[in-house]
Amino acid sequence: MIKVGIVGGTGYTGVELLRLLVQHPGVDVVAITSRGDAGTPVATMFPSLRGRVHLKFEDPASANLKTCDVVFFATPNGVAMQQAPELLDAGVRVIDLAADFRITDVAEWEKWYGMRHASPEWVAKAVYGLPEVNRATIRDARLVANPGCYPTAVQLGFMPLVECGFVDLDHLIADAKSGVSGAGRKAEVSSLFSEASDNFKAYGVPGHRHLPEIRQGLSRMAGDAVALTFVPHLTPLIRGIHATLYAQVKVDADFQSLYEKRYASEAFVDVMPAKSHPETRSVRAANLCRIAVHRPQGGDTLVILSVIDNLVKGAAGQAVQNMNIMFGLSETDGLWQLPVLP
Amino acid sequence: MIKVGIVGGTGYTGVELLRLLVQHPGVDVVAITSRGDAGTPVATMFPSLRGRVHLKFEDPASANLKTCDVVFFATPNGVAMQQAPELLDAGVRVIDLAADFRITDVAEWEKWYGMRHASPEWVAKAVYGLPEVNRATIRDARLVANPGCYPTAVQLGFMPLVECGFVDLDHLIADAKSGVSGAGRKAEVSSLFSEASDNFKAYGVPGHRHLPEIRQGLSRMAGDAVALTFVPHLTPLIRGIHATLYAQVKVDADFQSLYEKRYASEAFVDVMPAKSHPETRSVRAANLCRIAVHRPQGGDTLVILSVIDNLVKGAAGQAVQNMNIMFGLSETDGLWQLPVLP
Amino acid sequence: MIKVGIVGGTGYTGVELLRLLVQHPGVDVVAITSRGDAGTPVATMFPSLRGRVHLKFEDPASANLKTCDVVFFATPNGVAMQQAPELLDAGVRVIDLAADFRITDVAEWEKWYGMRHASPEWVAKAVYGLPEVNRATIRDARLVANPGCYPTAVQLGFMPLVECGFVDLDHLIADAKSGVSGAGRKAEVSSLFSEASDNFKAYGVPGHRHLPEIRQGLSRMAGDAVALTFVPHLTPLIRGIHATLYAQVKVDADFQSLYEKRYASEAFVDVMPAKSHPETRSVRAANLCRIAVHRPQGGDTLVILSVIDNLVKGAAGQAVQNMNIMFGLSETDGLWQLPVLP
Amino acid sequence: MIKVGIVGGTGYTGVELLRLLVQHPGVDVVAITSRGDAGTPVATMFPSLRGRVHLKFEDPASANLKTCDVVFFATPNGVAMQQAPELLDAGVRVIDLAADFRITDVAEWEKWYGMRHASPEWVAKAVYGLPEVNRATIRDARLVANPGCYPTAVQLGFMPLVECGFVDLDHLIADAKSGVSGAGRKAEVSSLFSEASDNFKAYGVPGHRHLPEIRQGLSRMAGDAVALTFVPHLTPLIRGIHATLYAQVKVDADFQSLYEKRYASEAFVDVMPAKSHPETRSVRAANLCRIAVHRPQGGDTLVILSVIDNLVKGAAGQAVQNMNIMFGLSETDGLWQLPVLP
């Protein structure tokens, strides 16, 4: 059994990690920490876990994380870069669900995240944990930077196009819509039910932190700089991201077939039949990305639809997928739950 | 492997049965029928099942249900009473998720359901499938009448009180609130998003079909007639029932302890600590009933809160639990998923 | 034109007061205060008011409220009792939308609200602003205590029964459900979209602050103490309260007719035809209470359904109604908007 | 008083027309028809209108619509083209809220709507009722084709850009999101609460009926053909459309100022400050379009955000605005309600 620790377990990615790891056949969760809620039984904060999770939140200072095989950081940005190096030096492998190690260009990271990076040396060693791109390097990674939710949906949606280079890489557009759990379990007015319900809005149009992450990923796939307009929106769902992607065709091709081939051996990416419209609920609570390829009226604009559950394939599920790869397990272990519909 | 058939798989209880049975380690779903959608792949109608369910809906006439060990009826009221007897006579065991066999008094059933009963002889042989009451008889049942959603939440909530007789059995009140999936996957104006969202209402106050079912169950527990006021409401959730139950104390007792003892060995009933407020989402997508016991200000009125997921413990999950009992499996087989929260 | 001031305009009752008062033909809103947001244009915080409200939030210390004819307090509990007396002494009339002056028994108030009352002398002079009960005294009131949202729905629902005394006053039950805006525009985890959406729960069952307010009101109507079990619930709507009320009949009567007569001349109370089920959306954004009277199966338990919009008849609308009465305007001035449906 | 008739009043645009017209100071609604519900009081179907609307639905055959000054058709596509000509010939002015007269090219209309047009001669005489474009011709129109909901949001959003021609007119993109009331009050599975709630999806990507309407409008503004990719989505709101529009800059300009000037004298179009993010709820229940102009990171892609309430500025409100213009009333008469927020 893999001994697992979780740092920062009181947010939505924390409780989702617990849901997945507790049901994982090869894992033993031995510690979960929370500075503010140390001593509280996990099942008191999250009654959905009553009778199944008997852990208490521990103070990060006293928790014995160094005996773990792997530690997940489900903390706000800026925490893992402070605390992970000590664990890494002790031989513990780390999967960071926050953004600390996602952007290779440290100056760029510091600009978007508004803080000084505490361990740039580990940025260089970290592997970006998008298995469909980096499976081989994830296997041996000591530190995995788990991708953001929008970046997962957008990169998986654009990947086959960007890899082949058949579209205009200077004018990619990602119009993305996220459920409210993407904002986390923080007490903020803008995430209140009475603000976010029965309402729809864009946000961060001048610039969103996931933009450099997506741009970095797509540029690597393309082997060249890409230019992307990224517009995130808030939609009244709890879970789910729907990315609607636009690209102008430069070289004609059978794009449906291109996608099907690219993802033929991926367990967690489903290329739907032509003209499909994937719904976010079709992946609710499951580690899946469903994609549909459209070319309306045979014009020169492709429309790619890509959906994930932001807490699963966009966070905790992908982190577990990375863990499975790192420890040589079957990639689907503990991740084979069917989506919950309706 | 138990060979399972499903009659009427295009509704919400049908797709939920599939979700649970496909992930059940001891089951092989061999046939699923739908008169209107015969020939359609199940995963075309329910994309959440893509890649995991390869069955097509079959016409009930041609489906080879008689080779099944057990057949679930997830059909509208009035179908199973027509079709189940032939299967039963062929030795197939049947679990009916509709109301056809729930009410022992056939005349009473006919009054509430507005049709003539087609097989009263099987009503007499059917076992009411509330495992917490009838586990022993379910084991050998040929035909199980799976309880309704409201009746499950209300009976489990009242049971310890009614069994002991410490409350006024002439003035029980059940104020119950249901998510909209309880109305099924039928195209009706009243279930439209624009009607049911951002809205709350009572319905069926003059009389609801689940009233005689609950009254029958409580009367059996009490060994005497009980009088119940039952008011169902529609609340804008997809899944979930919250029953708020009121009873007047006649004999004093430690009611918290009474509940804890009654349900101590039940895997799927969770008596929460005193003064708890169970939330419907704490059982979302799981086969669980959580109950809290209150006696506000120490007065003579008890308030019992009981929550279930209407599609799981209130329908498909309970049906699988009954199947597990009937076939000698562990009662929790295939039903041990954690609730999905948030 | 009546010169109006608003203290504490950044919450939901504040913005709702603005919506109603700006459209009121006899009113001029001259000042609105907010300690934290002084200097911010109101329409920056609430873009729904762009182009129509040109006020800025002012600091309460510098706002010239004493020149107003009437000042509304849309502040948290405990503020009006500090600040209103100075205005009252200056001859300004005051309508407090919080709870400071609702409970006549100051010791009882202090117990439930957990603070020492700052102006018990004004509690004695305040008029409880439920027009259907106290219209005559509201007319000359200097200080009106605007009722709470639950108390409005529950008192209007029970009033005809309690006044006539035909029911058991020792066992009244109010099972009430509120939309999330009732919790205010405060950044709290429990009011987040991802917590409150697709979820239903009771809260405050051991004791809620509106209980003593309702009990006081019903006892006055009855001319005797009444005993009430009050269970509030949170339901995923923005606006709306649905109270389901239970009472045991002691003296038979035509209860439908009793309600119709009691409210025949009330502009804002609609007694629906027998067997109706009022929906919260049928009063959305309007100053209305709709009531339906049921006696299921002719038994001895009455079921009364009462719905309001908690922000209108349960707060800002009722406050404007009180203002209309205090200043001799037509009671419906500025309050005649039709509900918004769907 | 203008005598108004409504044909087809049982849908959402019908009840919204009633809400607006009943509160309009210059209008008298004299008849409302419904084939299926003739004889039913309007307030029985829509309890929100109880006490305020005393009309019954009349059979279209017997309703005396010819004495009306203006008749609104709130009917499914294909009805007004059958029934309006007779009224028009009798001198009644007509505003059609459906699509029958929106597309000048009858062959194109027949292709998209799948039926033969019954009165192509009236198509030629109809005026497209987007006041911000056609105010002068609307004034004298006998027949107004009220724009679709998506077309209103998209055209108002693109208009200043397309008129000036500073962007690439061959690659416009409109990514639009609509609340569920846009699908009407029809009993369809896809509009059920349990299908549409907690879910997000695109639909009609291969081709949606509003595409030719938008293309026609934009082409007229541009004086040349434009090419548009239009992707509609369904989002779990009742009311609201959010259009996110993308255009590539060809000629540099101060686009914020361009928009502000274009709409400076429009009462119902609000150009927000630069970098704003309009929310659908900021126009809920009001006849408003709010627009924000973005140029992320100073690149060559403009992002325009445009929001309306689909039932008001996208349907009934715009129809009343057209009526006001046709009858020489102030354009804001009866349309000056503030949005309902929260």
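A, B, C and D are the chain letters, set down in written order, and residue numbers restart from 1 in every chain.
Convention: contacts are C-beta pairs under 8 Å (C-beta built on N, C-alpha and C of every residue); 3 or more make two chains touch, one makes a residue touch a chain.
As the structure is a prediction and not an experimental result, all values here were calculated from the model.
Trainee: With centres defined by CA atoms only, which chain is the most remote from chain B?
Mentor: The chain farthest from chain B, judged by C-alpha centres, is D.
Trainee: Once you count every C-beta pair in contact for both, which comes out on top, B-D or A-B?
Mentor: A-B
Trainee: Roughly how far is chain B from chain C, going centre to centre by Cα mean, in whole Å?
Mentor: Those two chain centres are 39 Å apart.
Trainee: Between chain B and chain D, tell me the centre distance in angstrom, where each centre is the average of that chain's C-alpha atoms.
Mentor: From the centre of chain B to the centre of chain D is 45 Å.
Trainee: How many angstrom between the C-alpha centroids of chain B and chain A?
Mentor: Each chain reduced to its C-alpha mean, chain A and chain B end up 36 Å apart.
Trainee: Two-or-more-chain contact residues of chain A, please, as numbers and ranges.
Mentor: Residues 12, 179, 181, 185, 194-195, 197-198, 236, 238-239, 278-279, 281, 284, 342 of chain A each touch two or more of the other chains.
Trainee: Any idea which chain C residues touch chain B in the complex?
Mentor: 171, 173, 175, 177, 179, 194-195, 198-203, 205-207, 227, 229-231, 233, 235-240, 242, 244, 246, 248, 275, 277-281, 284, 294, 296-297, 299, 301, 303, 305, 307, 342
Trainee: Spell out the part of chain C that touches chain D in their complex, as residue ranges.
Mentor: For chain C paired with chain D, touching residues are 12, 15, 19, 22-23, 46-52, 181, 185, 197-198, 238-239, 270, 272, 276, 278-279, 281-286, 290, 311, 336-342.
Trainee: Applying the document's contact rule, which stretches of chain A touch chain C when the two form their complex?
Mentor: Listed in rising order, the residues of chain A that touch chain C are 12, 179-181, 183, 185-189, 191-198, 236, 238.
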